[in-house]
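Sending over a structure as structure tokens; questions will come in a sec.
Letters A, B, C and D mark the chains in the order given here, with residues in each chain numbered from 1 onward.
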Amino acid sequence: MAVITNIEDLKRIYERRVPRMFYDYAESGSWTEQTFRENSSDFDLIRLRQRVAVDMSGRSTASQMVGQDVAMPVALAPVGLTGMQHADGEIKAAHAANEFGVPFTLSTMSINSIEEVAEATGRPFWFQLYTMRDTDYTSRLIQRAKAAKCSALVITLDLQILGQRHKDLKNGLSAPPKLTPRTIANLMTKWAWGIEMLGAKRRNFGNIVGHVQGVSDTANLGAWTAEQFDPTLDWGKVAKLMEQWDGKVILKGILDAEDAKMAVKLGADAIVVSNHGGRQLDGALSSIRVLPEIMDAVGGDIEVHLDSGIRSGQDVLKALALGAKGTMIGRAFVYGLGAMGQKGVSTALEVIHKELDTTMALCGEKNVANLGRHNLLVPEDFGGRWA
Amino acid sequence: MAVITNIEDLKRIYERRVPRMFYDYAESGSWTEQTFRENSSDFDLIRLRQRVAVDMSGRSTASQMVGQDVAMPVALAPVGLTGMQHADGEIKAAHAANEFGVPFTLSTMSINSIEEVAEATGRPFWFQLYTMRDTDYTSRLIQRAKAAKCSALVITLDLQILGQRHKDLKNGLSAPPKLTPRTIANLMTKWAWGIEMLGAKRRNFGNIVGHVQGVSDTANLGAWTAEQFDPTLDWGKVAKLMEQWDGKVILKGILDAEDAKMAVKLGADAIVVSNHGGRQLDGALSSIRVLPEIMDAVGGDIEVHLDSGIRSGQDVLKALALGAKGTMIGRAFVYGLGAMGQKGVSTALEVIHKELDTTMALCGEKNVANLGRHNLLVPEDFGGRWA
Amino acid sequence: MAVITNIEDLKRIYERRVPRMFYDYAESGSWTEQTFRENSSDFDLIRLRQRVAVDMSGRSTASQMVGQDVAMPVALAPVGLTGMQHADGEIKAAHAANEFGVPFTLSTMSINSIEEVAEATGRPFWFQLYTMRDTDYTSRLIQRAKAAKCSALVITLDLQILGQRHKDLKNGLSAPPKLTPRTIANLMTKWAWGIEMLGAKRRNFGNIVGHVQGVSDTANLGAWTAEQFDPTLDWGKVAKLMEQWDGKVILKGILDAEDAKMAVKLGADAIVVSNHGGRQLDGALSSIRVLPEIMDAVGGDIEVHLDSGIRSGQDVLKALALGAKGTMIGRAFVYGLGAMGQKGVSTALEVIHKELDTTMALCGEKNVANLGRHNLLVPEDFGGRWA
Amino acid sequence: MAVITNIEDLKRIYERRVPRMFYDYAESGSWTEQTFRENSSDFDLIRLRQRVAVDMSGRSTASQMVGQDVAMPVALAPVGLTGMQHADGEIKAAHAANEFGVPFTLSTMSINSIEEVAEATGRPFWFQLYTMRDTDYTSRLIQRAKAAKCSALVITLDLQILGQRHKDLKNGLSAPPKLTPRTIANLMTKWAWGIEMLGAKRRNFGNIVGHVQGVSDTANLGAWTAEQFDPTLDWGKVAKLMEQWDGKVILKGILDAEDAKMAVKLGADAIVVSNHGGRQLDGALSSIRVLPEIMDAVGGDIEVHLDSGIRSGQDVLKALALGAKGTMIGRAFVYGLGAMGQKGVSTALEVIHKELDTTMALCGEKNVANLGRHNLLVPEDFGGRWA
């Protein structure tokens, strides 16, 4: 059996194992994919300072995110259709996260429902909210998350309307997959995925089907989003959602210092500097490039997390050394899940942990809390020189 | 059938469908094609600012170009031999433009004549003028455009002599195609194109054959241009042409601030910042790179349009946000026309419109009129640092 | 038959036609070939300013080099073994140069001897000198060039010892080719070259064999150079050579401003800014990158020529606009010669002339004498920013 | 037989000849291999100044390293498992080094033991020390090196814990190779290597097996290192090792000016600016990029050597001209050894010597001692512009 030594290994297995439609869904960015690509490649521009002859014994990566203990500051990001990547994917990913000691975030667009995940894991998780035109439904969703004892509400701000991903339109993405000849041909080469999926608790949008009127489970995802998501969501409405929730709130999808300041004003507990993994505004800067500017603007006032583009422990280290208190990974755990189910998610977390730990040591540091700009060489014009 | 999600999709179908000679004619730049390539790639250097939690309902892309209402500020550029890309190409493109609500520009070097297009569409269009050594012919051309009620005259300034495109010389480009063995072999694989072309109104230069003495329809394009086009055209002559026309005038092919100022002095209604799609001076900067300098020089004094390299609504958005009042697309509509006729041109326009509209929304804007530098991250040295 | 539209076309035919050993000899630089590659690619960094509505009639590329009239300021550079690229190559290249009206330079390491070229062409040419340890031989060479009425002496300064070209060592380069099995196999695919070569006046080093004692015509080129060339050549010796010659002197192989000043001090008529086509010091800057600095240092005091990397009329235009009075082309004419003999050299000159002429027009200029920095956009740090 | 003209040629033969597992072991860097790649490519950013008309006779590359005469300032770096690249590899490399007149360094992780190499060569060499948790063993190792009359102790500081190389984990690297089906299949294509290896003095870690308790010769290298190497090594412990040795000490693995200053404080004789050939902290800068900063910090106080990325005499020249007194080569000699045994190492040294000597001449210099910044064009921001 293949020895897994990095996230890329998981991705290769994932690609072979999962129906093309769902692989494409995860492994793409909007339009030209410029932002999607740069999310990862921009991490490489930051370099590390090696220090030697430092006692490296007794290292630790433990930390906290929104006041909760984490084995390392890396949460699983909310990812729609996770349950299509692997049977009962949300439940399995949540199990792996609990085992490792990091937060799991359930998407509004998940397959397993809030209640199913809560029951299966018996442990608090984070819930990510998309707001719908049907405000009653939104309110009920918040109540259901409360009832499930979710420990934080993640409100996503960067998807009121959908950035276009060409492949999803071409594939006619839906959950479960619509059975066109091409889809069937592809599914037939993915029998392991299919057999497991036969035993899955659910194969449609668990939080939505049966909760929003008239939503059939084969709806075209793009069309459905365009119809149902609330395009008028503004800061006023965000404030009201926060009131309804009345618990830890993380605002996700901030790329601009002005927006970060608004998040502080509203009293959120944390923001996630994110461009939705390069899936929304193509042409936006990578998250890691805007992080320094956002730290300058609000670093002292709010806890800052970062996602988009993280594929290794080195990437995590760079975000932390630039001031982020925590990070989120999307595709990195999806690759593991699609490749090997729960064990794959665990492997992804272990790979990242080992990279973070060893690299920290080679930088001469023993504790993630001590990481800082002194460990990095950040290009002078990393944020860009804009006219 | 293929789902078309971007302009690139149309280009792929176009390449398969149209005789190589005409594909090459459109899809090339002069000499090394440096300017041709950078026309598009330079747009990618400009990045977009994402803003969130903004009410995105009720958006509009409607605007005006030289005082005329447009559904979006994107005109079809004058493209020679359009009627060789698809039977009656000029008429079909004009229909699609009218339907969508954007201007169509007929080239002097078109296949369908001014009169044919006027008759078929019954709607005003723009006419693009090349000046010939035979000044009588030039005057008659202007009179014919007037008679056809063309709503603007586009005088092209950057093609007195022809920049060399290697493939056209190698292909022995002509309209209709000269029948060499290689051409015939290629045509035989393009039967759909050929069958439609059999029914075309015209297969030679409609504005020229029968209007200029001694011009046969199989003339080698390069040689013919070298013989007939007027190399002595200067600002004085341009002024006289404007007098003859006595209507809206757009001066096309300006890349230099000094030339832009001359255009203002002459009292033109608009200029098109353009390098002829990279087909003339190879080594010239891309249009989008010189736009800021030209806006600085004449932005307050004249309406500025831009073409060359536009392949998406994002490109349009960037030109507008830098101050252009309108844009023109050449190849982007030709791809559509060659791929699917009138429907293809409509599709090209729809693709660009959706990209413009959605991207505008993700930038937090609701109206093209509000787009500005605040939506962009323009590299400090975008125009170049020149000694 | 193939339509030739640029120098690259000639190179493709050349590659097919000439034995690999001689193709490799010409088409390589020393060691990693960094300087060889950049010689050409650095021209692309300089951009051109398009000007429009300028009367473009009555253009001229005629000029002067070291006081001699030239149809365009482009001389044929001295190229060793030219007569191995095509039978009687030096004579054919000289004919083509005379016909076009540009200078031809005969290398010390030529196949056809000074006397043979002089007799065949009946027209003055330039002679390029390498100095040997055997100073008597060197003196005789100078006398022979005088006797042949050579109109200028080109003293090459950058090849006292040989930069290593891997392929020449691997091929065991020699003239005529040593007959190893691999060489024979390759020669058998090049029958046209071989048949013509059977009729050649000469197939060994015409200026050397019979003039230097103990030199056999199959000598390994690298070994021979190492043994015979004078490694002690310094400015004092150069001065003495100039005295012996007592006519127009061009010092070739200058890349450093200090060396350019020495050339002025010695009273040379011109220098050639050159890195020997990237064949000597790998890692040296391209000629075009150092030209501005050298113009600043000595531009007012001496005529400056440039070679290395020129492949088009646009390249020539850039060198002239930066202040060079003339240029030399090496490989560009060798490609033509190897591809099609004398006609190929003529074609190369015509291609370059047309590119120079048309591009000049699109820049709004009518005469090479008027070209200047105002036609160019030169990157601010073109010469490099060095610590 | 192939003509070897550069180090790359040796690498190609090496790749064919040696079992994949050992090729992979040498030809890789840690994680993404960014630092590994840049170690070499960064040399190309430094350019050379050509000077002409300088008498080039009587050149010399002789110099000194830590007070010892060297034919050129290029030592063989310590390379673990050298004896797996070729039977008795350490002994053969040492012979070649002695013959050429440059130092050989024996790794703690060598196959041939200190005693074996000393006996076979009868000449002093340098010994490289890794420190183990078992401090007694470390002390005995130092005593053994003293007994063998090693002329310098090289203490490596950048490998307390192991940077991850994916391929070593996938190959299950061990010495001698573990016999998995895949390994056997690969070995069967490498019969020449195998036959020689049958006659080798040793096929396990000669300095360790029999000297550290409980170490079997098939131990997985990564696991073994993690268990045995001392992660608590700090400057205090380094000082004690230096006391025990009481001879010439070279501290290897310094990349940071602060660490270089500590080395000076401890009274070391030299440091090696090194990132372990890109095998430890991926993301660290290349050695050549940090050299100038380290020269500024300690250049006057200690002898500075450099390794990592050197593949040619030009690379050596650049390091020397930036102020290094000497250099080390790792892979460059391993390629030669794996390709052709002792003769291959000799060839590697000769290739590098010729490149150094000729390039020095073309720069107008006759002696390595005279090389300096005046021979180089170093990019202004070579060390980076870091915020």
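Just so we're on the same page, a residue touches a chain if its C-beta (ideal position, glycine included) is under 8 Å from a C-beta of that chain, and two chains touch if they have at least 3 such contacts.
These figures come from a predicted structure and were not determined experimentally.
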- Query: Looking at where chain A touches chain D, is over half of the residue numbers used by both copies, so same, or under half, so different?
  - Reply: different
- Using each chain's Cα centroid, which is most distant from the centroid of chain A? C
- Report, in degrees rounded to the nearest 5, the angle of the rotation taking chain C onto chain D when the C-alpha atoms are fitted. 90
- Chain centres from averaged Cα atoms put chain A and chain B apart, in whole Å, by 43
- Message: On a C-alpha centroid basis, what's the spacing between chain B and chain D, in Å?
- Response: 60
- Query: Hey, what residues on chain A touch two or more of the other chains?
  - Reply: none
- Task: Answer with line, ring, star, complete or other to describe the graph linking chains that touch.
- Result: ring
- Which two-chain combinations qualify as touching? A-B, A-D, B-C, C-D
- Query: In the complex of these two chains, what residues of chain C are touching chain B?
  - Reply: 2-3, 5-6, 9, 44, 46-57, 292, 312, 314, 354-355, 358-359, 361-363, 377-382
- Note on the structure: chain A residues touching chain B in their complex are 31-32, 34, 157-158, 160-164, 166, 169-170, 172, 231-235, 237-238, 253-256, 258-259, 262, 275, 280-285, 384-387
